[in-house]
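Report on one structure; see the data block that follows.
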Amino acid sequence: MIRNISVQTVDVRTPGHLIDGTQAEYVRVPFAETSVYLLPAGVSPQQGTLLSDILPTGHEIGVRYGQVKAGDVVAVIGAGPVGLSVIATAGLYGPSKIIAVDLDANRMDKAKTLGATDAVISSDDDWKEQVMAMTDGRGVDVAIEAVGIPQTFAMCLDIVRPGGHVANVGVHGKPVELPLQDLWISNINISMGLVSTNTLDTLLKMVAQDKIVTDEFVSHTFKLEEIVEAYDVFSRAAETKAIKVMINAQA
Amino acid sequence: MIRNISVQTVDVRTPGHLIDGTQAEYVRVPFAETSVYLLPAGVSPQQGTLLSDILPTGHEIGVRYGQVKAGDVVAVIGAGPVGLSVIATAGLYGPSKIIAVDLDANRMDKAKTLGATDAVISSDDDWKEQVMAMTDGRGVDVAIEAVGIPQTFAMCLDIVRPGGHVANVGVHGKPVELPLQDLWISNINISMGLVSTNTLDTLLKMVAQDKIVTDEFVSHTFKLEEIVEAYDVFSRAAETKAIKVMINAQA
Amino acid sequence: MIRNISVQTVDVRTPGHLIDGTQAEYVRVPFAETSVYLLPAGVSPQQGTLLSDILPTGHEIGVRYGQVKAGDVVAVIGAGPVGLSVIATAGLYGPSKIIAVDLDANRMDKAKTLGATDAVISSDDDWKEQVMAMTDGRGVDVAIEAVGIPQTFAMCLDIVRPGGHVANVGVHGKPVELPLQDLWISNINISMGLVSTNTLDTLLKMVAQDKIVTDEFVSHTFKLEEIVEAYDVFSRAAETKAIKVMINAQA
Amino acid sequence: MIRNISVQTVDVRTPGHLIDGTQAEYVRVPFAETSVYLLPAGVSPQQGTLLSDILPTGHEIGVRYGQVKAGDVVAVIGAGPVGLSVIATAGLYGPSKIIAVDLDANRMDKAKTLGATDAVISSDDDWKEQVMAMTDGRGVDVAIEAVGIPQTFAMCLDIVRPGGHVANVGVHGKPVELPLQDLWISNINISMGLVSTNTLDTLLKMVAQDKIVTDEFVSHTFKLEEIVEAYDVFSRAAETKAIKVMINAQA
């Protein structure tokens, strides 16, 4: 089973998005030779799988588009797999704080293991005040949306400081409202996008040296013949506490 | 009469915005010594006035936030004073095309004098097709909003290419809709903001050398005692074809 | 016969440098499909030939490595083919002055046709004072070396302002001296390199629109059977006033 | 007595360089109000003293001018106070390796406490081979000179990869040789300069959070009346193992 997927920003017909995905015995990947990497010593096939999509997504669309830099306070709204990828890779840029914001206390623990310095439960009435207090009232330098609904996008706009960045990583199904009547004067920058994996080389080096923690991403591993059960577990993530579910054809 | 205004991004209580403006015989400008420039030879007081606000706004919030670079196709939605400022300063960055989009054919002529290479009348049914044809169907690299209403912001989103920039310069009074269900995958970047005039030094040099054309900005000049008439002319801009109205206390 | 050559920074065995060149009926270019461009309408084969090496060299190693930006004063030491390429492409970045410095008054005229705003004869005793006077005594923002000998490199260090850039484009045969005892405190930046042609897409667009002037580069054109004469003319450039010599196999 | 010194790049007559320094009861610092910072909670006066000069020098002239980025291999030639400052601040940018190179094994231990991942003794015959082996033979991405003599500058040129950066932090007394006959093709970038402390705000935050280790910098502390002894200890650093010597007027 071939697993490495060539994802190209310029072609929205990427496997698994607008055309069929790659759950097949053989896959033809156009221009695959432009995106194949050798796994270096110290990177397991399981880590390699995380590096094919989720870690570069958090890194490129969250951390780099959000322009995280030394000393920044970063808030990540949503601590699901993609939010955790943002948290796991943001530390490469020297932020002073990484604040995880989520409904789920369980995910907060994982977030802290991966590098979050602070956690805020988003169902708290004063969640915003808690975040603002961590920035001396200024607002965060970078707010990263990792859920994909209007409420969480609005939360980012609520807490970003004038001159800061909002990086959208979530996949949205509906329009959001942009209160330009308030924001036009605030010099914020809003980014969004699909991963291109052009930072994979850097991420491979950092994972090989344990500078990116990857332990927490795979909550469940199944054999190929258990794939139906795997999908079931993943579909009931709140109940099963699934983060990423791995199918290991060699097991 | 003192005219040079210190505008600071960090302080929204700038004169003329949330506190009273500067139409007075004397004005106290806090920290004014940090933003006073000597007019070099070759820059007239009238040009200096344009450099205190409108030209840096177009340059900083439109051209630089929009990251215009060599070879880019740039569309400017709105050819009023601010849009014309964008057009007049974009040429410093080597774009291959500067497309002015406006309802008013009269303003198009001014736009072309100032550096626009192409013009599209936005009331044409096929205005979008006209713009897209100028980019071989790809969309523009940078779309700059210089009006301040939801429709013109939406026009920018309609014509920007994947990976491109939307720079909002307009002052808005209402929220706009951001169709994130379509845009999340498009790797576009949206910016907005209030001018800080931190590029004034560069602009002074370029105006002194006639590399920025400023002739078209001041459509009417009045003496101080004609100020009421000046406001009247400016308030009926569509009819009077006013762009910027200058009060010259020395005249 | 006109041939497009793939030049790759990562492989110093580029044709014509450490291995044989491409004066043959057929050439095998490894990975050529990664660097072939369609000539757009408005770009002649002759212009295409200039775009395969000389114009991107001036643009990438001179202008971009030198970080020319709006308002800068740029000095180009040497107005041979590569120096002229720097001058022809620097205008895309909005410099306030482009000063050509050369021994040869003939080349100065060409430099001015291509975009130089000022010219200084380097055999003048006061050449340095002339350059400094054009910068109000501060020194140039960017000094670009386009000859390849120690004297011209030293000239760049002599005229660059604190905080400025020295971009070496010349191919050198000997070491140069770097007076670090004076320079360590001056915050200058020194770059050098071989072209990668990764800006060819931009340059093609600008040539197609006549925003880069290319008329002056080809001083002589020969048929394929006159190639020996062509080399002779090129080898006596001072006498023949040769800039670039073109072989046109179709002629 | 601890004094905050305003150092300005634009004025080489900075106290302690070309005019007398500040060992006096009172000091007049022109424009001092532009560079005074409040020490935040968690930063001691001793740490504040390190932040007035040495830490920003390593950070600005070494790490930032050297453009250290995520995944880079960085070599620091010289593990004296300034080299240690480079090492202590480079980690903010996510390098994969920080290699300390020095003659003195004692300093290597300090380097590792501050963040160096590897150490090479520069008197080893095969020091270069040791460094190259740590980069799979490619050369380091960034080589930082923190001594100030021709040999150590040459060492940087010897180990930097094509396309890499050499950042000079050392104060030199003699010219160095630049072998441009070899380097012109290598696309390396060379920087140098005097600190401006424009990153002090970021460094204060990072020290306040213990993300920059500062313990190792002050090897000796003296009272004001012991200042003569303090100078003596500092002048015999090899013997006394002095790194930085602190005078504490409050002790």
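Just so it is clear, A, B, C and D label the chains in written order, and each chain counts residues from 1 on its own.
In this text, a residue touches a chain if its C-beta (ideal position, glycine included) is under 8 Å from a C-beta of that chain, and two chains touch if they have at least 3 such contacts.
Bear in mind that the values here come from a model prediction, so they are computed numbers and not experimental data.
Steps from subunit B to subunit D, taking the shortest chain of touch contacts, total 2.
In terms of the distance between Cα centroids, subunit A is separated most widely from C.
Taking the mean of the C-alpha atoms as each chain's centre, subunit C and subunit D sit 37 Å apart. Centres computed as Cα averages put subunit A at a distance of 44 Å from subunit C. Contacts with at least two other chains are made by no residue of subunit C. Looking at which chains touch one another, you get A-B, A-D, B-C, C-D. The part of subunit C that touches subunit D in the complex is made up of residues 9-10, 12, 17, 65, 148, 153, 162-163, 168, 170-181, 183-194. Looking at the complex, you find that subunit D touches subunit A at residues 70-71, 91-94, 96, 199, 201-203, 205-206, 209, 211.
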